[in-house]
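Heads up, the next two complexes both have subunit A, just with different partners, subunit B and then subunit C.
Here is the complex of A and B:
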């Protein structure tokens, strides 16, 4: 179905991605991630000694601080903090440094749609920049269902507001490995097809949601490649962070 | 880190309660391998649910809902206010979720629980996404007066599946709420009509008699927890603390997916798991709808 998007993109086309690492000098790891106009800055500090009262001291704990671009911290920000915390708890290998806290500070620079996926991608890049051990990377994407049941990827704020429903989906990145694919599969699906996190808004049919999942999975390949290219160490810098 | 052999030996000597505290995951898995849970339920069964409407007599609408031990009390209070300029013929619905210290040993007075703002936001999002309430029904005089509905949900006992119980209790209260009869008096203010005024008919009647809200499609939910390849429906607080992967699915009575909420968790959800969870939720929605209808018809008899 032909879909006329205000900025002329095709339904499967993402906005231009931009990622810079090590933008902050004092943070152990930092990254900015921009998808079109939406831009988020993430900084990672840690591992630091000690855990908070309610946290399990046998594992490393993750603390998220979400800073909105305007206004005081409200319920929506607390919800985003909880979603990011649970998402990154499943990605980080928490048994390596028990009784430590790693803080991820997420600052929203500009919100033009698909804010949560942009923040997750930024935080993931910042974690890699800080050298925190991760099981796999997280790639996040937003799929929205328009009024005429067309599924478009990476909507802008205008498209999100007009959409019937949208879903923020986070997948593990696709793997490039020397081991044959079969050993990485769980049952009949390769690992990259499971979702880590899903947050939806608006009512859609169950079939629409499953289609969103499929489209999202197909795009993780592109996003994973982009992330991987960005993660490669640049030749001149790479000075030690502790120095 | 414990040596595997030591725990094997210990597990045969330690008594049940101690084993439950010391090795919660293994205690749980022992039950799962027999397709049963520590409280005796089969894996896919939800706990006993009961709905009591009208528990708070002073409120315009109220409901007390219990799913197992998790108890939520919702009360709706209606107040007249001037509608905003952008939406002159719409009322307003404010949803607030509270977890007072009575509900759980983890919650301390003075410091709000972590779950509080999250469940509160989830509830507001779900109720607005589902399109259950048409805010235009809350309007009285276009541009001048409209109802502001304050929906307060208090958790009295937090034993897992907080969002499910809170949503059911909010929906039950909204199906019970009666908008009072009001009239506009000479000063242009809205006043409550008592029975004598109705006979006089001196004032202009804005809202003739007490009426209920029409609910278009009711959103109902089920939370499942995923552990390895098992899917368990309706977890208790103990199960939620051991198993970190939760999926909450909200379906409305027309079968539309209002929300699929999976905030991270070590287990990845594949399509087959999602479809199983959706099927369980569909069944549960039918069950809950029948409980709700029963409770409503019991109220009407009175």
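Here is the complex of A and C:
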């Protein structure tokens, strides 16, 4: 079912992506990620010594601090902190540096829809910039179901508010772009086809949700490629400096 | 807690000695002269009133928002200005999240004193209804990267964002002139704040050797220096505030010398800030011109000439409809930028005082106020509906047909445009003609914009 979006995108089209790494000087790793007008800045410090009281000292712990644009930190911000924490706990290899804390500070620069996926992408890029050991990268996407049961990707703030329901989905980045042959083998890596996080708002039918998952997973390839392209130039520059 | 302290950076004795001995020969670690500022870079965000300043490696972001509140009892005719500083943990590992520490409070107070006490911002122009409603301006300063001299950078950021902030225009209406109507930016151009002068903060660092004075200390120099003074001056040479929190004793001669220096630097800084704001304003004006030129074509309650023009457009092939769509999309694109600022203000407004002024009856009359075509477009944009009828369901196509019939009864000039324009912009004209639906959707759209 075709649908015209106010900014002229097709239902499967993402907004223009922009990512820059190492924007801050004091932080161990930092990145900004922009999807259209939504822009988020993430900084990583870590691993630092010690864990908080109710954290497991046998593993590295992740601490998320979410800073909204204006106003005091509210309940929604606490929820975002919790979601990011759980997401990154499953990505980071927590057994390498036990009894340490890695802090990820997320600052919202501008919110124009799909804020949480943008923040997850920014935080993932910042973790890579800081050199924190990760199992695989995470790419996040927002799919929304409109009133006429059309699924659109990466909604803007207006579209999000009008949508019947939307889902924030986080997938592990695909191995397709790295090793094309491997993706064809069905049972090669079961987790490569998994979902890390899914947060939904509003009511949607099961079929719609499964469609969202399919669409989201299909887009992760594009996002993963973009993420990888942004990681690469930095490392070649550093290699040439060392060499 | 000791574990957290273990993460703090400490200056080594070698670094301290090196910095001090280099200063004796008038050389600083980053190659500057002792009285040179680092490179200043001011960037503005999409919203009105958001600015990001980079002073060397120090990075500060500032947002300005406005809210309608009741004024203080002893100042019923004045608006309020409040500064909130946040030392974000991303700026420095020693910044803890949560309650602001003493340096954050001190920074906020310095900036506050510079702006408030010197009456740089005209607060009386923020008054709408004496003793009942005033604008409360809130400045949020986020420190993103701490590389020394946060006060100066934060002050510049606050000034830049205040200069580019636009508050919505409001007018008094209603029978007794007591009802306040806040116009969203699509309806009426938002107004800038009245700023009389720009108080610029200039920070000096003093070392154990009395003759050593540096301007704009870096992070390492801040760890070495023994005394500090921040002088807030404007370009006219008026001293707005001086802050010297203890530390090394300085002779009055050195202080007078520093103030003279600060006067020169304040003039430089003011010129730089004004340049950056000018550039930003011209860009903004260009964007606005694009928006207004496209809005003229879709003017619904204009004269029959414009309606006829539209009719010609829509009488044509699908090209005409595409033109309309494109124009709509263009303006929604540029409107989205402004809609966000209005949404921000509106949401702040709603969070604030309980009185809601958008729903005043005088503002929603669809026939008397031509300006409402912009509101229509806003409601269009916020619903993001599908303009072409070619791909609508049969379910949807029955909807445009109904108001079509009603319109023929209602008004003649609207008629012709409606029937032909219906296929292209069913909802626009439907909204214009049916005040009942329009009111519901307006409220829906204003809620959506929030």
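Some observations on this one:
Going forward, the second predicted complex is superposed on the first by the 217 of 243 C-alpha atoms of A that agree within 3 Å, B and C clash if a C-alpha of one lies under 4 Å from a C-alpha of the other, contacts with A are read in each partner's own complex, and residues count from 1 in each chain.
Keep this in mind: a contact is a pair of C-beta atoms (placed from the backbone, for glycine too) under 8 Å apart; a residue touches a chain by one contact, two chains touch by 3 or more.
Keep in mind it's a predicted model, so treat the numbers as computed, not measured.
When both complexes are superposed on subunit A, subunit B and subunit C end up sitting side by side without clashing.
Judged by the touch definition given at the top, the superposed model places A:48 against subunit C, while subunit B stays out of reach.
Seen from the C-alpha centre of subunit A, the directions to the centres of subunit B and subunit C diverge by 90°, a value given as a multiple of 10 for the model superposed on chain A. In the overlay built on the shared chain, the residue A:205 is in contact with subunit B alone; subunit C does not reach it.
After overlaying the two complexes on the shared chain, residue contacts for A:107 are found with subunit C alone; subunit B is out of touch. After overlaying the two complexes on the shared chain, residue contacts for A:24 are found with subunit C alone; subunit B is out of touch.
For the three-chain overlay built from the shared chain A, the minimum Cα spacing from subunit B to subunit C equals 5 Å. Common to the subunit B-facing and subunit C-facing surfaces of subunit A is no residue whatsoever. Interface of subunit A with subunit B (complex): residues 54, 74-76, 78-79, 82-83, 85-90, 165, 167, 170, 172, 186-187, 189, 191, 193-206, 208-210, 213.
Subunit C makes touch with subunit A in their complex at residues 3-4, 6-7, 45-47, 50, 57, 59, 61, 63, 65, 86, 88-93, 97, 138, 140, 142, 144-147, 219, 325, 329, 332-333, 336-337, 339-340, 343-344, 348, 351, 381-384, 386-388, 391, 393, 448. Subunit A makes touch with subunit C in their complex at residues 2-8, 24-27, 30, 37, 41, 43, 45, 48-50, 65, 67, 69-71, 103, 105, 107, 109-110, 112, 148, 156-159, 161-162. Across the interface of their complex, subunit A is touched by residues 106, 114, 117-118, 120-122, 125, 129-131, 217, 229, 244-245, 251-252, 255-272, 274-275, 278 of subunit B.
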